[in-house]
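One chain, chain A, appears in both complexes that follow, with chain B as partner in the first and chain C in the second.
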Partner chain A sequence: MSEIAIRTAGLSKSYGDKKALVGLDLEVRAGEIFGLLGHNGAGKTTTVNLLTTLLPPTGGQMVIGGHDGTANPDAVRRIIGYLPENVQFYDNLTTLENLRYFGRLSGLRRPDARIDQVLEYLDFTGHENERLGTFSKGMRQRVGIAQAILHEPAVLFLDEPTSGLDPQGVRKLREIIVGLNRDLGMTIFMNTHLLSEVTKTCTSIGVLTAGELRYHDSLAATLDAFPDESSLEDIYLHLDSPRVA
Partner chain B sequence: MTDTLVVARKELLDLRRDRFMALLLGFILVATTLSVIVGAAQFRIKLDEYDQYVAALKASGSAVSAAAPQLFPLQLLRGSIEYIELIGGLFAIVVGYGMVAKEKQRATIELLFSRPVRRYSVAGGKVLALAITWLVAVAVVFTVITGVLLIVGRAPLQPVDIGRLLIAAAVAWAYLLLWSSLAMALASSTKHLSTGLIAVLVLWLVVVLIIPQIGDTMDPDNQVPGGLFKSLQVAKPDEHAVLAHFAGYDTVRNGLEVSSVTKHFERLSFAFLGIKDVFNQLPIAAVARQTLAYSLSLVLASAAAVGLALLTTTRKTLLRRNS
Partner chain C sequence: MSGFRATLQQEVLSARRERMPQVLLIVFLGMVSVSSLIGWLTHRTVTSVWETTRAAGLTTAPNPFAHAASLSYVKNVVIYVVLIGALLAIVLGVSSTLRSRKSRTTDLVLSRPVDVAVHLGAKLTGMAIWLGAILAVAGALTWVSIALIMRGALSAGDTIRLAAFFGVAWVFLLVFVVVGMLSGIHSRRETSALLLPIVAWSVIVFVLPQLGTAALPVSLLNPVAAVPVEGGAFAGVQQIVGPFALGEQFKTLSGAALGTGSPGSLGLAAFAIVTALAAGLLVLLGTRRDHLRRDLRD
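Here is the complex of A and B:
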């Protein structure tokens, strides 16, 4: 794996005349937790969908873990994990059956041992044979994380991972994200509009406004660069405002 | 295990636990079985009447032997075939459409396509699951029907009858797979799920109900219960002579009917099961020869529907946002 986990150059996405992402130039180093901030409709989900190869770009290039995402998307899919916002599963199937399915599609021939390992890591053992139709949002989110990390991806993409969770669920998920980065060395790219999550979880941030990346630096450098601001929220609002070009 | 088999296995597990699916299959099974039970009971009454007649003859010391009645137990399957033709086709649409619609609506497709699955794995797995589902369903329905014929009707089924039943089951399987694959293809290829559903239901309405109904209505033999010519005491040769004067009309009527693949399914099933009198004394090979055009068209239509489902159920179509 190269030192740069994610690199994009002029990455763009348009839907007809509407530009959802405009010339994204971004580098995320391996081992970082990168938080992409932006208000609703800023283009965060479009960015994740492009980087996870779910959407084809209309322009530019992207390299994930050393693989060209447009020329060889399958190579990218092998090394990434993805947790969409409002993750959905097959409700008639149990946790184990859902995870077996995604594990096999990720290339694991005998996924059961790895599933046990992951569920234990996520403190979710005991729910293997329960059907997902009965699960709360927080439980689904943990199964979502489990399916995303089963094949030990180098880069994990999380789209609004704490959306809809109660405070306990948010705290648990935060611990999991930090733990995955610390224990397994995963590079994590997460979209969020929860600023508190960025300070507690991320090592670097980017701010996206109307499809344009307006700012990108480490969290520490960001806090240093804006000493007059009282909180990250002020910094975010400052960065997100039109006067920063 | 290949990705296609992984997808197929998951789909089968999902379908097996789907209560709505169980309800649909249960309904087909009950409807087809009840139809045969009623027919089998009447068949048994006729057999019993014959047995009583023979016994009475023997008791009276008569040396006259009673001619055995011409009974064809497979003709009792007429109602069952019609249920498969109408309701079966509709249920096949529901199952095929649901297989794609559920994934699109619930966005599980995003998780699926974030994995390195091959071009035809998802479509292939789903079609394979449909093929297995209908194979099992048809096997169950025809096994139960055969059991009813044997137990309720005490029908003396010969090995050739079992062969005829197997062929009819294969024809039903191809027919149901056709509708499921078509529904899957339309659900995949239309941007809005509702458009796909409306399109396939309109197609079902035209192919299954409207075209065959027009053809049936134009058939003079269907205007009088028991048949027009029979009720007028017209013998078969004379009937042909009369119809020869209406050759153009009959060509149009038949042309309308055979433009529907459902009619091909019906004619094939009726021919092999001997439901149509002209076929019930013929060996299977002769029936196959006479109905070759219908066999080919049904196989080709089913293969085309499967091909369409494989081509249209792609990453691009499934990930397209719908409303």
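Here is the complex of A and C:
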């Protein structure tokens, strides 16, 4: 895998006259946890949908793990994992049945051993034969992470992963995300509007406003670059304001 | 290929656990299992009336059932396939594609290296296997019930005829599975996804035959063949809409398979059903990725 895990150049998406993403130029290095910050409607989910090849771009290029996402989307799909916001499953199937299905779609011929391994890693054993219709949001989110990492993707995309979770669930998920990066070396691209998540999990951040990337740097450099700000929240508000180019 | 097999297995598993198709399945198999009995009672009642009438010297006509084929008891099943079986097929088809939209799992599927045509083809194959299993059970029930009424096993020839009839029924019902799947993909609401193919079905089964021949939609139950229309406006309309009345075309093919007499052209009937299925498949397998990602509005 190349040193740059995600590279985009002028990546754009429009819906008619409405520009959802405007000329995104971005590089995320392999092994990073990148947090894309932005308000609701800033274009974060559109960005993830483009990078996961769910949406075709209207302009620009993107290379994920060395594969051109527009010319060869299937090559990208083989090396990524994706957890959408408010992940849902087939409720009348069990955890094992859902994971088997998604594992096989990802190319695993005999997914059961890998499912056991992943569920153990996520501290979720004992729920294999329960139907997902009975699960809490936090439990679903863990099954969501499981389906995303079953095939050991090089790049993991998480769209608002802590949305709707209680504080305990948020903490558990944060530990999982950091653990996946530390233990398995996964590059993680995470959308969020929660600053607390960024400070506790990410190594670099970007701020998206009205479809434009207004800032991108490491978390440490960001904190150094804004010494006058009293907290990261102030930095975020500063970056998110129209004054900053 | 593993994606095709995975989707196929997932379809069969999910369909098996859904309630509405299960209810329709019970009704369909229940009706099939008593259909031979109904056929036998009809046979006995008509014969009894005919004997009384003849004894009173009111008729010299032969018993209308005298030369009826041994599989004439199955005539009711033909109607159940057109009515309940088609509804079951529509519900299976709609559930198949609506399931992913309702559960919002489409993005999980499409973020993987999955070809849309292969994915939908696997779903359809899963439904086709499920439908085939249902019809195999219906066929076995029919065979047993006729054997019980006749107090003896059906001949090999009749068994083959019965199998051919259920084979034709399978192809006919696949048309409605495909229509249901397309509605499940393109409808904006869950209710309209189910309603639209049911409206289409009622037009195909009830309205088009009336426009064409004005023959009763249940004429197949009648031992006396429907009188063909000759000349006039009805004949002209029949030329145009006749091929689209798939229920009537199915009755023609069923009559030939069961040896109970077919009211129309076999070639036209086979062509109409196969063409409808091929056209549906072409549209289904040509579905674009973004169509699968449409959110439901309810």
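Here are some notes:
By definition in this document, the second predicted complex is superposed on the first by the 245 of 245 C-alpha atoms of A that agree within 3 Å, B and C clash if a C-alpha of one lies under 4 Å from a C-alpha of the other, contacts with A are read in each partner's own complex, and residues count from 1 in each chain.
The rule is short, and it goes like this: contacts are C-beta pairs under 8 Å (C-beta built on N, C-alpha and C of every residue); 3 or more make two chains touch, one makes a residue touch a chain.
None of the values given here were measured: they were computed from a predicted structure.
Per the definitions stated earlier, placing chain B and chain C onto a shared chain A by superposition produces a clash between them. Contact with both chain B and chain C is seen for A:Q88 once the two complexes are overlaid on the shared chain.
In the superposition on chain A, contact of A:L54 is made with both chain B and chain C.
None of the stretches 6-14, 60-68 or 222-230 of chain B clash with chain C in the superposition except 6-14. Once the two complexes are overlaid on chain A, the chain A residues touched by chain B in the first and by chain C in the second are 52-55, 74, 77-78, 80, 82, 84, 86-90, 92-93, 97, 101-102, 104-107, 109, 147. The part of chain B that touches chain A in the complex is made up of residues 1, 3, 6-7, 10, 13-14, 17-18, 106-108, 110-117, 319. Contact residues on chain A toward chain B in their complex (touch as defined above): 52-55, 74-75, 77-78, 80, 82, 84, 86-90, 92-93, 97, 101-102, 104-107, 109, 147. Chain C makes touch with chain A in their complex at residues 2-3, 5-7, 9-10, 13-14, 17-18, 99, 103-105, 107-114, 290, 293. Those residues of chain A that touch chain C in the shared complex are 52-55, 74, 77-78, 80, 82, 84, 86-93, 97, 100-102, 104-107, 109, 147.
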